[in-house]
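Quick one: structure below, then a few questions.
As written, the chains take the letters A, B, C, D, E and F, and residue 1 is the first residue of each chain.
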Amino acid sequence: MTTDSPFAAELAWPDYLARVRDAKSPILIPLGSMEQHGHHMPLHVDVLLPTEFARRVALEIGGLVAPPFCYGYKSQQKCGGGNHMPGTVSLEGATLVNALRDVLKEFARHGSREFAIINGHFENSWFITEAVDLALRELRWDGITDVKVVVLSYWDFVTEETIARLYPDGFPGWAVEHGGVLETSLMLALHPQLVSLERAVDHAPASFPPYDVYPVKPEWTPASGTLSSPKHASKEKGRILLDVCTEGIAKALRDEFQLSAAARRSAAA
Amino acid sequence: MTTDSPFAAELAWPDYLARVRDAKSPILIPLGSMEQHGHHMPLHVDVLLPTEFARRVALEIGGLVAPPFCYGYKSQQKCGGGNHMPGTVSLEGATLVNALRDVLKEFARHGSREFAIINGHFENSWFITEAVDLALRELRWDGITDVKVVVLSYWDFVTEETIARLYPDGFPGWAVEHGGVLETSLMLALHPQLVSLERAVDHAPASFPPYDVYPVKPEWTPASGTLSSPKHASKEKGRILLDVCTEGIAKALRDEFQLSAAARRSAAA
Amino acid sequence: MTTDSPFAAELAWPDYLARVRDAKSPILIPLGSMEQHGHHMPLHVDVLLPTEFARRVALEIGGLVAPPFCYGYKSQQKCGGGNHMPGTVSLEGATLVNALRDVLKEFARHGSREFAIINGHFENSWFITEAVDLALRELRWDGITDVKVVVLSYWDFVTEETIARLYPDGFPGWAVEHGGVLETSLMLALHPQLVSLERAVDHAPASFPPYDVYPVKPEWTPASGTLSSPKHASKEKGRILLDVCTEGIAKALRDEFQLSAAARRSAAA
Amino acid sequence: MTTDSPFAAELAWPDYLARVRDAKSPILIPLGSMEQHGHHMPLHVDVLLPTEFARRVALEIGGLVAPPFCYGYKSQQKCGGGNHMPGTVSLEGATLVNALRDVLKEFARHGSREFAIINGHFENSWFITEAVDLALRELRWDGITDVKVVVLSYWDFVTEETIARLYPDGFPGWAVEHGGVLETSLMLALHPQLVSLERAVDHAPASFPPYDVYPVKPEWTPASGTLSSPKHASKEKGRILLDVCTEGIAKALRDEFQLSAAARRSAAA
Amino acid sequence: MTTDSPFAAELAWPDYLARVRDAKSPILIPLGSMEQHGHHMPLHVDVLLPTEFARRVALEIGGLVAPPFCYGYKSQQKCGGGNHMPGTVSLEGATLVNALRDVLKEFARHGSREFAIINGHFENSWFITEAVDLALRELRWDGITDVKVVVLSYWDFVTEETIARLYPDGFPGWAVEHGGVLETSLMLALHPQLVSLERAVDHAPASFPPYDVYPVKPEWTPASGTLSSPKHASKEKGRILLDVCTEGIAKALRDEFQLSAAARRSAAA
Amino acid sequence: MTTDSPFAAELAWPDYLARVRDAKSPILIPLGSMEQHGHHMPLHVDVLLPTEFARRVALEIGGLVAPPFCYGYKSQQKCGGGNHMPGTVSLEGATLVNALRDVLKEFARHGSREFAIINGHFENSWFITEAVDLALRELRWDGITDVKVVVLSYWDFVTEETIARLYPDGFPGWAVEHGGVLETSLMLALHPQLVSLERAVDHAPASFPPYDVYPVKPEWTPASGTLSSPKHASKEKGRILLDVCTEGIAKALRDEFQLSAAARRSAAA
């Protein structure tokens, strides 16, 4: 039985407690979704990717990865294809807010004071914001005022240089990256058996008017469910993205967290 | 890329849709918790076990397993050691209710009409009840009135005969089985690398008065966190339990669900 | 006008205040339901019984009985016949949680610090748990940290010996006791004019599969609404149950509460 | 065992069902509070009075009285003395709204279509309004559109003539009647053993500025807790009030409800 | 750019901060509605009037007027014509409660400690009460215990003398004043271009039974939407009302608030 | 009294009804905030601007402007300076969601079927999404399925060409435009008396790391509260922006809405 897994839930409680208490391991919480990602990728891409980033960063800084959120906020047409798509299973805003609020408070109750939300589903962003605010407030009411939460989406750590390198023909923008080169390359690097690039549909990036309409207009979403073509995705690009984002996130957390000496050593190693 | 995984989230959406639409695959939703399970087992026992039962049953009846709920309702002292224990990370009742309600409604929106909640954490039970009631009500308001939900906890399918066979010295009751012979044997059969039987604490079954006290009295919970000793757990017992419960659950779902011809054939094979 | 009623609501406020402030009377809150109990008993059995236990125990230990909760959580098929039965009028889970939370907090605001929830409706159990947790949390936020709540269901105080004595032909289990020997005997001992034993339907104990189905399958519930036959109920059995449970509950509360000297004297008398 | 009690909860379910189905008995729901009523009356005046009015009216029109709401909305200083007073135990607004909403919906589910809310606690008024609106909306979503709810407070049926007769020295207004002549006279007529008129404090009617202040200014509430003197209360006045209000309410419900022929006959008798 | 507007939202933040911090300006929050007011007045009468009273009083006592609440609680038939009327756009009770709670807490977070709710829509009253209670509670949990909130409706400051003067033929009561002499006169004095007295419908005051019925009975509401005739409204009466209410409210706030020396001077000037 | 105001609340109900029923006027709902906008602009910039865009567009297409939302979601550090800033008064996420949900449903109840949310505060965006989804769902439960909602933020209609023209030295991005050239220019064009450009602080655009930290780090926000310098703002730029956005929004709504013939004529004129 492992006593040094980066995954908190793989530990027995005494080992978990030692990590949280003495090593002051920060808690990294991956947030994903169950959302269609085209014909060529499965429905849990948004869970697998932030969980892997969380794992890598946890190993670097001595953190612990919490069980991931497997369901996220409702997919939106202009960034995720829309919640009407088959396979997309989402939570109400309030449900997501309350679930993350609860989990943050519970970890803090055990003594954790440093948290990183590792988001993998764009639509979660603002409900994370609200959840963190509510959790901090209730912790404050309980006299716990020294909690710090870093909130991030892994793609925000892709540098300008990397974008230029990966999208030599021009970057369509994160909004339409859904199921495109970024996610597909990462999946190819990490879980190639879960990708069927040959099933991917090649199409021009989706283009939307500068507003949203509800109920959604299904014809706005490409039939494939992806918002840009993954055809230029590759395992190599995935490895570059993995490295760049892991490094960026690890640096951010080292900058923000009061890591224990042990964690710092491990991090610096 | 697999097109016939029992795990819904491993499918691309067109494959998922085909399964739900044509094969009328029922959806099996595992509900667990992040909860201490003594010195000898990790914190996600209650997720791993129902997920595995769901997987086995899904393969038998042609169903699909939804992503598991990794967090559950607050651990109670007399059946789970208590929510004050390190490593136990729980949801408010209302949060769990709303999350399961949301997920049921979303799957139904895609066309699924048959659901099984596969519970692995006793404390979830009544919040599942409420979630199902609220989901059915809102679906009814949307004109969807033909949904059927089977709610079960896997241990309720352990037969009297099996209990007699596995507990020759007497069965302490499910209530104090937390971290005991049942769960440990199942984990030994499925994930031996996640169990350290040698770290298990041998103690008499916890004994509680016929009432609860809040805030909890920590001295009521054995220091180990388990409520009965796992020392008589074994891989063999785990296999027996796996078989008995899988068979029982599969039969129940075959009895209750209108499985498609294909699924029936597969189930009968 | 009485100044020493065990029922808090029968007191004028100065008398109530004296009891709570000086005698440190614990508050006992009966929780019931409006639920069918077969052809032979009225709909408020689950209110009358815990209220009477609360009254008797309050007299023994110097406590005060709060007004009862006349509505409870939704009746379940396998323990209460089901919420589809005529006459059963229930609350949503969240409503019950919030109502009990509010009432606990209000009594604590007046200075009470010791509470016993006397439950008479099985389905209420987990929503009581949640209500108590939320109330303690909000009281904590208000700086009140010395509150203690004992939660109990009166039938859990029926001893093994009593079961053997009352059910010479074998005990069907509490789950199917709904409207059976226990409740009917207690009602015969306390409110014989509200029972028509001759209208009771004699049938074998209901038998259910090890799972629940929603929407309920009405055919699972015996047509009578009771889950086991009350024909062996008697006033004498009711008196035995009254004594055994009252004694057990009173002892539990004496063990747990810091009763005032006066209350102790009264309790010891 | 009674089969014709006006109290719904005293019936067995088949008798209840017959009344609701065939006789189309309207449901009368008394709403009260647990609230101090001075030195001379107990805390449940606001439950006892509307319950008795409901009982009398139910007998006249063939209705059924639901179990009363024993807790109400927070007492306000200018009409109930204030929620800071000892003995006053109140619900949050949302809790009261949801509880009444739930109960209305449940009775409607059994087939009842006509309801009267018989209020005995002024502070409940607007939360009743909201509860009724929410219940009607959810019933509408369930396809039930023929429900009618009459909402009333019993004192609104005291006629001008009666006021002139009962308050020969001038009527202080309902707002400050809290614990005064009206309620005390009714209690003397109905429950004399629960009143100690000799303990009543005689004081001028409370006088308040035309605004409220929060947190309350305790000095605004007379030390007695009553807002006007009950010294002119009498059993005779209570009987007059009982008659006038019962008659007024019964007429209102006869005007508004489609009573069955049997109920009409009974009502006309 | 103004630095001394009575409207908080017209200030830049440094000017706002100076007013709140140093001058200890109380915050006045106008609450209105979007509600039909007959053929002769627009839908925002209930916003315009309390905002103007707030402005006048703020100028007198050195306070700041918060942005008004433009939507209020559901219009009721017996005081506002009913929520079924065209043009009436209302909030759920809980929404209004939470919105006012949030706003109060935010202003308190900046340092404000004295608040006046200036209500212009009768139906808001009890939801204001609840909002203030919830806000004070959460502020208390945050350690802020010195907040004072005055809650008022402007018409409660119309003196008996003024009523006698303005309604020489008898006062129909505030309940049926909706769209009548009071509101119309005030609008004529303040916004004559928004009133078309010639379109006003002259009719006897609406008369209602002493109870409410839901769903509303549209025939109870006069076809005009007003509950009494505005024909005797005049600009002169409006000016009298403006003066009387402004003076009354200003005095109340001076009595209740710890105004800064500067504000007192300005108020006394 | 006007009968053709673009502001719905300035109409009497018969005129409002005629516009909604016959002319099928779409409803435009401006959403703003009370949020600091630096030293040189007042706190209600985010209300004034979308209200003016709504007014202009309403005049073009024959729509009606609803009363604006004067409070919005919590200001965020990287796009609005942060909710810790003085003068910023915000709503909880759930409050905003519920308020907009309520208002949409009410307008739809009167017969409106076409809505445009005109957002002026970036932080509102995702709570608008949720509100619209909840409103559409509840309307659907009420059998109203033909509602269409367009959601937009006015700055999304600034074309690439305009950006190039207005920001000759490079566009810092919308995220840091808070209080910068866009908003200041618009305010100069519309409400010059509310702007003090000489008080504006000139500073480089704020630069943030690719993540958020909670509680906020106040040192991240420029002391001025603006995120980029407004010094290049001008009335001329404001006029250009007004024209470009008004035209863009009007075109979008003409494309999406089934405007009545009259409205089309007016729009085409």
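Keep in mind that, in the parts below, a contact is a pair of C-beta atoms (placed from the backbone, for glycine too) under 8 Å apart; a residue touches a chain by one contact, two chains touch by 3 or more.
Just so we're clear, the structure is a prediction, and the values are computed from it rather than from any experiment.
Chains making contact with chain A as well as with chain B: C, F.
Looking at the partners of chain D and chain E together, the chains they share are C, F. Although chain B and chain C share one sequence, what matters here is the overlap of their interface residues, and that overlap exceeds half of the numbers used. Taking each chain's centre as the mean of its C-alpha atoms, the one that lies farthest from the centre of chain B is E. Repeating the A-B interface, with the same residue numbers in over half of the contact pairs, is the pair E-F out of D-E, E-F or A-F. Here the CA centre of chain B is 48 Å from the CA centre of chain F. The distance from the centre of chain C to the centre of chain D, each centre being the mean of the chain's C-alpha atoms, comes to 26 Å.
Chain A and chain D, compared by their mean Cα positions, are separated by 55 Å. In chain B, 92, 94, 141 are the positions where the chain touches two or more neighbouring chains simultaneously. Chain contact topology: the protein chains form a pattern that is neither a line, a ring, a star nor a complete graph.
Contact between chains, as defined at the top, is found for A-B, A-C, A-E, A-F, B-C, B-D, B-F, C-D, C-E, D-E, D-F, E-F.
For chain C in complex with chain B, the residues that touch the partner chain are 73-74, 76, 92-94, 97, 123, 125-127, 129-130, 132-134, 136, 148-152, 156-157, 209-215, 248, 252, 255-256. For chain F in complex with chain D, the touching residues are 141-142.
On the side of chain B, the complex with chain A involves touching residues 1-2, 8-14, 16-17, 20, 34, 36-44, 47, 66-71, 85-92, 94-95, 98-99, 102-103, 106-107, 110, 193-196, 199, 225. Across the complex, chain C meets chain A through its residues 137, 140-141.
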